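There are two complexes below, and they share chain A, which is joined by chain B in the first and by chain C in the second.
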Partner chain A sequence: MITAQSLLQAALNGLILGMIYVAIAIGLTIIFGMLRLVNFAHGAFYGIGAYVGLVVAKKAGFGAALIVAPLAVALFALALDRIVLRRFYQKEPTAQILLTFGIALMVEEALRMIFGGTTQQYPLPSWLGGSIAMAGLQYPAYHIYLAAAIALVVVAVWLFIRRTNYGLLVRAGIRDRTMVQLLGGNVRLASSIIFALGAALAGLVGVAASPIYSIDPGTGFNFLIPSFVVVVIGGLGSFWGAVLGGIIVGELVSITQLVFPPGADVIIYVVMALVLLFRPQGLLGETEVIKG
Partner chain B sequence: MKDSLSRGRFVGGSLAAGAIAFGAAPNVIAAPTKEIVIGLDIPLTGPYSDQGQDQLRAYTLAIDEVNKAGGIMGMKVRPVQGDDQTTATVAVENARRMIERDGAVMITGGSSTGTAVAVSGLCQQKSTIFMATLTHGDETTDLSCHKHTFRRYIDAHMSARAMATTLMSKYGTGRWFHITADYTWGHSVFDNLVAVVEPKGAKTVNNVLLKLGTTDFSSALSQAQAAKPDVLVITEFGKDMVNCLNQAAQFGLTKSTKILVPLADEYMAKGTGDNIDGVVTTAPFYFKYHAARHPAAKKFVDAFIARWGTPPSNGAENAYTNIYQYKGAVERAGSINPAAVIAKLEGYKFTATKGPEYWRTWDHQGINSVLVMEGVPTAQRGGDIFAFAKVLEEHDGETVAVTQAASQCKIESA
Partner chain C sequence: MKDLRFYLLTALGLAVFPFVFHLPLINGYGGLAIQILIVSIATIGFNLLLGYAGLLSYGHAAFYGAGSYAAALALLRVFPQVHSFALALFFGIIVATLAAAIIGALVVRLYGIYFALLTVAFAQMIYFIVFQWRDVTRGDDGLQGIAAPMLNFGFAKLDLATTLPAFPLGPFGDLSDVKYWYIFVAIILILVLAFVRTLNRSQFGEVLGAIRENEERSVFVGFDPRRYKYAAFVISGALCGLSGALRVLYEGSTGTDSLTIDQSGNFVIYTVVGGVQTLFGPVVGTGLIMWLQNVISAKTEAWRLIEGAIFVAVIIFLPSGIIGTFAKKTFSLGKVLRTK
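Let's turn to the complex of A and B:
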């Protein structure tokens, strides 16, 4: 039965799901903006984060996992960037997609070889348990903490890009890479920082979401496709577009699940198609950045 | 500098890469010799991959044992495998490839009634025997039964009837809220449960249908919490059930509501840990229970643990026994001719890992016992995370299986 309250509850669920998409999509979009790289390996960063988090959490607790796993993912991403990806920055997108997709498959199979294919889960630590009365529900507190933490991280990343010298370099690089290089700016450094940052975000979500979603080697991939949809809806390379797109996708899935469950899978693609038809640059896409 | 990328190409590329992701896996080329090729069509990725991987362990064990003992009528068994991704179209394409290119004479495996029914249809067309493994929806040996398909796993009808007494004594006639996997199997379990509990007075307040592979159950669980039911039925399987039950615990539902999971296995119990404490479920086999009662079960469980380091899940037992059932039937028939093998399976009485059982002639359902079990917390599992339950009841399959009068199965003459 659909009531005002059940809609409110669906909206709350959608917001939380949406925030998870936001954290993954922000990484995708800033990497695309800075490196012009269509990164299909982004789901793999989620997977690595989740597994490293699982190992660290078992040894040193969940709090430690939240710090160590994103750092480990950032290091992995830096190495990947230096050794492989930078050779592909100037290649056509098809080559980038094939390369990053190949990396994603290799990471998935490597995780399967190391940790086995079975479903694993990190149980929610008791200090993060409990529930909060909200929208007429006893809502799991951890889901709220997770959404709030992602919101904080998003603001922090935005401040980093808007308010620091590195951020200035990044924004300049997004606008005109060649000009920044001619002026002596270290675009390569800025690119590496952005790539590692985007990857670390995915790794962080990989750990933070593991008490909610079980982990298996393919988990990261499950989040990848909706996150691309988020980026397309929000506008390629647009920071706030990813935030808006993530929340829209989360809400669409959640409300459709209440109103018409069989449509929950399709709705985001329908909306993506509509956005592409009527606003091809995405809701907040900046046409001057991405020539289309 | 070529650093701009059109949006159209980005989207097109995304779709192309997505298509690669869902494509078929590569496989081995057949070399025809004096051997029997058996096609293992099992989920190695996706929501039921834990179950598929455990089936693969059991098949590997059984086939190695058979080959070491001289094969089937002197012919070595060569397995070919395919990842069915719990997707009917993929499962059918795997089976087709195994039959047409690899020369498979028997297809076995699977962890979903959706794939089982689809593969069963193909095997009927191809006159190839299909020993379905983990499929629990009635349809496999009921509405969609076929001459070439045999299913020894219990079905939803058997589970619901076996639990009938326990459902009333432990769950009662209050308000029942269902979260159900939206495909053949989920519908079959829901229909059977409702048929058992509603005549006694239970009221179904909602049935939220969710697609296979759902990871976020917040929507269904917040509806369940708002409805304040007496019973929450989670008809989900594999990783989906793990996510659903663990999230139900976060929504406080494991404390406020009695939870029923009509079908579970060892991997789902491992993934849900203490959250499965007190949850009633059914299974055709439980390694701790059967190994303590039947020498053949003990031999199998010991060999499985020696080979793989973990005990077998109930689907693995089914996979293992299917290989031996096929071997026995071929040897009795003296031929791999499907018609001859089918004739030797129909009505065949045997004792394997569970005591006396038989293959029913008119629907090809294996008639064997059903366990009603209750989950125990991890602290009571004696250090073995898979030792997840205590057995409440064991039911003779005959007493809980659908009758011919009530079944819609009409098996073909060939």
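Let's turn to the complex of A and C:
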């Protein structure tokens, strides 16, 4: 029975799920935009963040986990970038997909060996618990905080890219890498910053989303594939495309779950295929991308 | 002469393989040898696309799974009263080919990451449909207990599960360690290798290579790249279907694992480790990884980590894979092992 209330509930769930996709997809899309790197290891950043966060949260509390985990993931990403990925920047996307896929496999298995394969529950501190009443609906307060926090983070990242000198360097680098280098701009530094920032975002969501979705070694990869759907729908490399795509995908999954449960997993792939076939550059993507 | 040498050496290699494989140090067994050969056929099909057409598909499990489910359903539901080996095999190939023909028509217009992601999208659709459509597919229970029909030659019937007559071979075990299944699959594998080899040496293969290296130029010379890529896609899907159908007939079961993104990833790993753009690379890669998995996963839980490390190491240090690297360095064997 679909009522106005269940529909509202589904829409809210979809928004929360969508915001989590947004935070992961923003990282994917800015990394692609800046480094032209197709990062299949992005789900691994989520996984590392979630597990590091779990350890820290048990020792020093959830608040500490929210700070330490993204930093740890950013460091891991920087090391990865310096040691391995750098050699693959100029290679064709196929080689990048293969390499980052291999890295994702290794990280997932390393997490499984260290923490075991079982699903772990995440401790949620009491100050974030409780529920909020709205329109006759009792909704977990943490879900709302999470969505609001991600919205703030998205705006912060946007301001960083739009309003700071580093951001300027990043945007210039996206436009014309060689020219920026010739003018003395440090594109390598800008690339590293963007890669670490995107990774840290995934790590942060890994901590923040885990009280809702719990965590096992495969969770990161399970979030990665829908996040690619998000990025494709929004437009690879497009910032607001990732935001729009994330919310669309979250709502699609959640509403379908209510209306026609067996279709909930399939629907996003159908929409993704339709977008790729009829508007391959995505909803908000500008550049012609069918080629190359 | 070169053709004769190719067939003789391949046949010899396949004839010796199960016995060498049986040596105590290698610790393989007959069933694994058969599985390796069956999966190799799918990997060869995958490489036709990645190696020769230069298209990375992350959804080839769709065709492997389609072939296996179609063959299983042919025996269980579609033609249960006929219960024919050949019919199940044929049905598996047809359904996989049809799936590849439909999906291929849509995906070949895209490139690189977009191509890869669209194949993922279609494979995931098929996976979730099979997963949810419990009435027909039994969902994640899979289709179990499928009795394989005997192979019917018209004048005689052969149960492939019987073993060869006993004949001691010293350290190499016994002739009866090998089932007729192995011989049957080995013959199919030789036919598949010969087919792909001929294809790559034909004008079709030449044009495909030209498209891979420089698509724009191939257009200027007057070829339609999409048609060639489409043909490669469909043939590739058909070979995966053949492999999936053989799996069902041999193992007597199939499940949603045959359709997962992990399965698609396996084809990628096997091919890259063995060597893209080589004829035998997919076979060697499949054999090596499946064997290692069997040996190592019995001893430690770290198998998947080791597999990932091997894969990453090959991409960074041996981008042409084992056979690709090997074939460049040696001349006599290399010429046989390389496609061209």
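Here is the rule we go by: the second predicted complex is superposed on the first by the 286 of 292 C-alpha atoms of A that agree within 3 Å, B and C clash if a C-alpha of one lies under 4 Å from a C-alpha of the other, contacts with A are read in each partner's own complex, and residues count from 1 in each chain.
We take it that contacts are C-beta pairs under 8 Å (C-beta built on N, C-alpha and C of every residue); 3 or more make two chains touch, one makes a residue touch a chain.
Being a predicted model, the structure only gives us computed values, none of them experimental.
Based on the shared chain A superposition, would you classify chain B and chain C as clashing or fitting together?
With chain A as the common anchor, chain B and chain C collide in the superposed model.
Could you let me know whether more residues of chain A are touched by chain B or by chain C?
Looking at chain A, the partner in contact with more of its residues is B.
Just to be sure I read the superposition right, which of the two partners does A:208 touch: chain B = first, chain C = second, or both, or neither?
neither
Could you tell me if A:41 is touching chain B, chain C, both of them or neither one (first, second, both, neither)?
After superposition on chain A, A:41 lies in contact with neither partner.
Answer with first, second, both or neither: which of chain B and chain C does A:269 touch in the superposed model?
Once the two structures are laid over each other on A, A:269 reaches chain C alone.
Going by the contact rule set out at the top, does A:138 touch chain B (first), chain C (second), both, or neither?
Only chain B is touched by A:138; chain C is not.
After the superposition on A, what does A:90 contact: first (chain B), second (chain C), both or neither?
first
With both complexes superposed on chain A, which partner does A:161 reach: first (chain B), second (chain C), both or neither?
neither
Pick one for A:109: touches chain B only (first), chain C only (second), both, or neither.
In the superposed model, A:109 contacts chain C only, not chain B.
For A:232, decide between first (touching chain B), second (touching chain C), both and neither.
After superposition on chain A, A:232 lies in contact with both partners, chain B and chain C.
Based on the superposed arrangement, let me know which partner A:252 touches: chain B (first), chain C (second), both, or neither?
neither
Between the stretches 4-12, 256-264 or 310-318, which region of chain C is in steric conflict with chain B after the superposition?
So the stretch of chain C colliding with chain B after superposition is 256-264.
Common interface residues of chain A with chain B and chain C?
38, 92-94, 97-98, 101, 225, 228, 232, 236, 262, 265, 276, 280, 290-292
Which part of chain A faces chain C closely enough to touch in the complex?
Going through chain A, the ones touching chain C are 38, 84, 87, 92-95, 97-99, 101-103, 105-106, 108-110, 112-113, 225, 228-229, 232, 236, 262-263, 265-266, 269-270, 272-273, 276-277, 280, 289-292.
Which residues of chain B touch chain A in the complex?
Checking each residue of chain B against chain A gives 1-11, 13-14, 16-18, 20-21, 44-46, 49-50, 53, 182, 206, 208-211, 213, 215-216, 218-220, 222-223, 225-226, 238-239, 242-243, 246-247, 250-252, 267, 270-271, 273.
Write out the stretch or stretches of chain C touching chain A in their complex.
Residue positions touching the partner: 50, 54, 56, 58, 106, 109-114, 116-118, 120-122, 124-125, 128-129, 131-132, 261, 265, 268, 272, 301-302, 304-305, 307-309, 311-312, 315-316, 319.
Which positions of chain A touch chain B when the two form their complex?
Going through chain A, the ones touching chain B are 1, 5-6, 9-10, 12-13, 16-17, 36, 38, 40, 89-90, 92-94, 97-98, 101, 117-121, 123-124, 129, 131, 136-140, 142-143, 177-178, 211-214, 216, 218, 221-222, 225, 228, 232, 236, 253-254, 257-258, 261-262, 264-265, 276, 280-282, 285, 290-292.
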